[in-house]
Amino acid sequence: METDDSKNMTLTDFPLHSYDKVRYADTDRQGHVNNAVFSQCFETGRVELLYDPARPLYDVGCTFVIASSKVDYRKEIVWPGTVVIGTAVTRIGTSSITFSQGLFQNDAMVASGETVIVHVDPQTSRSRPLSAETKLTLANHLRP
Amino acid sequence: METDDSKNMTLTDFPLHSYDKVRYADTDRQGHVNNAVFSQCFETGRVELLYDPARPLYDVGCTFVIASSKVDYRKEIVWPGTVVIGTAVTRIGTSSITFSQGLFQNDAMVASGETVIVHVDPQTSRSRPLSAETKLTLANHLRP
Amino acid sequence: METDDSKNMTLTDFPLHSYDKVRYADTDRQGHVNNAVFSQCFETGRVELLYDPARPLYDVGCTFVIASSKVDYRKEIVWPGTVVIGTAVTRIGTSSITFSQGLFQNDAMVASGETVIVHVDPQTSRSRPLSAETKLTLANHLRP
Amino acid sequence: METDDSKNMTLTDFPLHSYDKVRYADTDRQGHVNNAVFSQCFETGRVELLYDPARPLYDVGCTFVIASSKVDYRKEIVWPGTVVIGTAVTRIGTSSITFSQGLFQNDAMVASGETVIVHVDPQTSRSRPLSAETKLTLANHLRP
């Protein structure tokens, strides 16, 4: 399910760091945080880069949509607490971006994920090449 | 907290009926459905009227915002199952609408609520009078 | 809908302070944070006191349930950002607690709320008197 | 990202059918349903089998946890509407189950997913072999 590589990853393998605070409503009847909340946390790590109000990475009128995601779950996330989110760019395509991410609680990796995002023009529903400026910004966040 | 009136209300006291299906993720660590989901269900009953794609009740460019809400919780909502939502219009103001609503699971009322909604022009952030046509539609859903 | 008192409240009117981080998934198609998320934020302020793992306020085997809630919405909550949550105890009953709360974003109050919570024994589904120790702790968080 | 097989799948490729109703709160600021809600829908299809109150598939005291999930997103989910969820068992391991699932709105597949679930004893945090009876039930839901 996961490659040998991801098994040994730590927060230092991710150039971008963010966080989410766990909410009581995030828990489910099994007592831990529901799996769909992991998706919200991974999203936090991506959108703070992609939709940064100070420097958005999309062309005017365009948006980003998710093509695919893969998550390996290692441990449960518990309430109360926070989740630290590590994000790395691993591939910059013509109109797509691949992210490798890790979620950490109390210094332990609780999940790793890979997501492919596509830059899309909603008018045509077709992919739109990433601008040169966006590619340059993304290159700053490639896995070291 | 609740008036004697709401204590005896049944689904027949609400002209509009809708439903939501309870999701596993709606439950919290107490084993029942989290209180914030009650707000989502009450919203279902209102927005299926207010934002009905076939006949929206807002002026072009305007929207509805919530001014206040009050919920009385009687029983827990459990998974699996559905929630039936009863909605009545109880007051039609110049630019505001008051809704009385009830949530039912397995034929028992689990919560009652009252919500005041305001018709707003986002450009000016000010209230906008409801159109005559909207008032006419709302009048069809007044509590009998 | 709201009393003159709540209109002038600031964070200093609430002895307990907490926060939540706004998530992208909290927004809805109106572009702002959905109203049900306000309920999650108010819950954060209460449960960090009621279910504090270091010093829970419930008797062994008991739990807290919400009897009623009332929210006045003043402004929208936007992404990205955080919400600061102010919480005050305003009434300590035999088995119930009344909370007054405020949500703040960028130093402006976005909503105020009042919630009545009941201490319940799930075995009997009946209210259970608060312990003397719990009442003492709650008294430390009464509105000044 | 997706195999040629999944590209041509229809609801008839999934022996188990369920549904979720889209909520207004499921939408995000992009106007469509947030990606984390896809995870909630996939979960619906699985837990209605795994935690069926009439015939749960776990041993007493045990539970199911997610080991990994993979989702391919094809189209957006929109409000209002419902999502039909197709679920097939594709592999029955000693203590794990692999599910192939599809989400459909208005007869079009909006996403396909694969999830690996493990039967776990929370006391030991270790996997627990599936019972013979559970394997027999799961075998009824293998992809035809």
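So that you can tell them apart, the chains are marked A, B, C and D in the order they are listed, and the count of residues begins at 1 in each.
Going forward, a residue touches a chain if its C-beta (ideal position, glycine included) is under 8 Å from a C-beta of that chain, and two chains touch if they have at least 3 such contacts.
Because the structure is predicted, anything quoted here is derived from the model rather than measured.
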Item to check | Reference chain A; chain at largest CA-centroid distance | outcome: B
Item to check | Contact-richer chain pair (by C-beta pairs counted) among B-C and B-D | outcome: B-C
Checklist entry - So what's the Cα centroid distance for chain A and chain B, whole Å? => result 35
Checklist entry - At what distance in angstrom does the C-alpha mean of chain D lie from that of chain B? => result 31
Checklist outcome for this item: dist(centroid_CA(chain B), centroid_CA(chain C)) in Å evaluates to 22
Item to check | For chain A, residues that touch 2 or more chains besides their own | outcome: 24-25, 34, 36, 40, 43
Next on the checklist: Which stretch or stretches of chain A touch chain C in the complex?
Outcome noted: 19-21, 23-25, 40, 43-44, 47-48, 51, 53, 80
Item to check | chain D-facing residues of chain C, complex | outcome: 24-25, 27-29, 31-32, 34, 36, 79
Item to check | chain C residues touching chain B - in the complex, by the definition given at the top | outcome: 1-2, 30, 34-40, 43, 63, 65-73, 76, 116
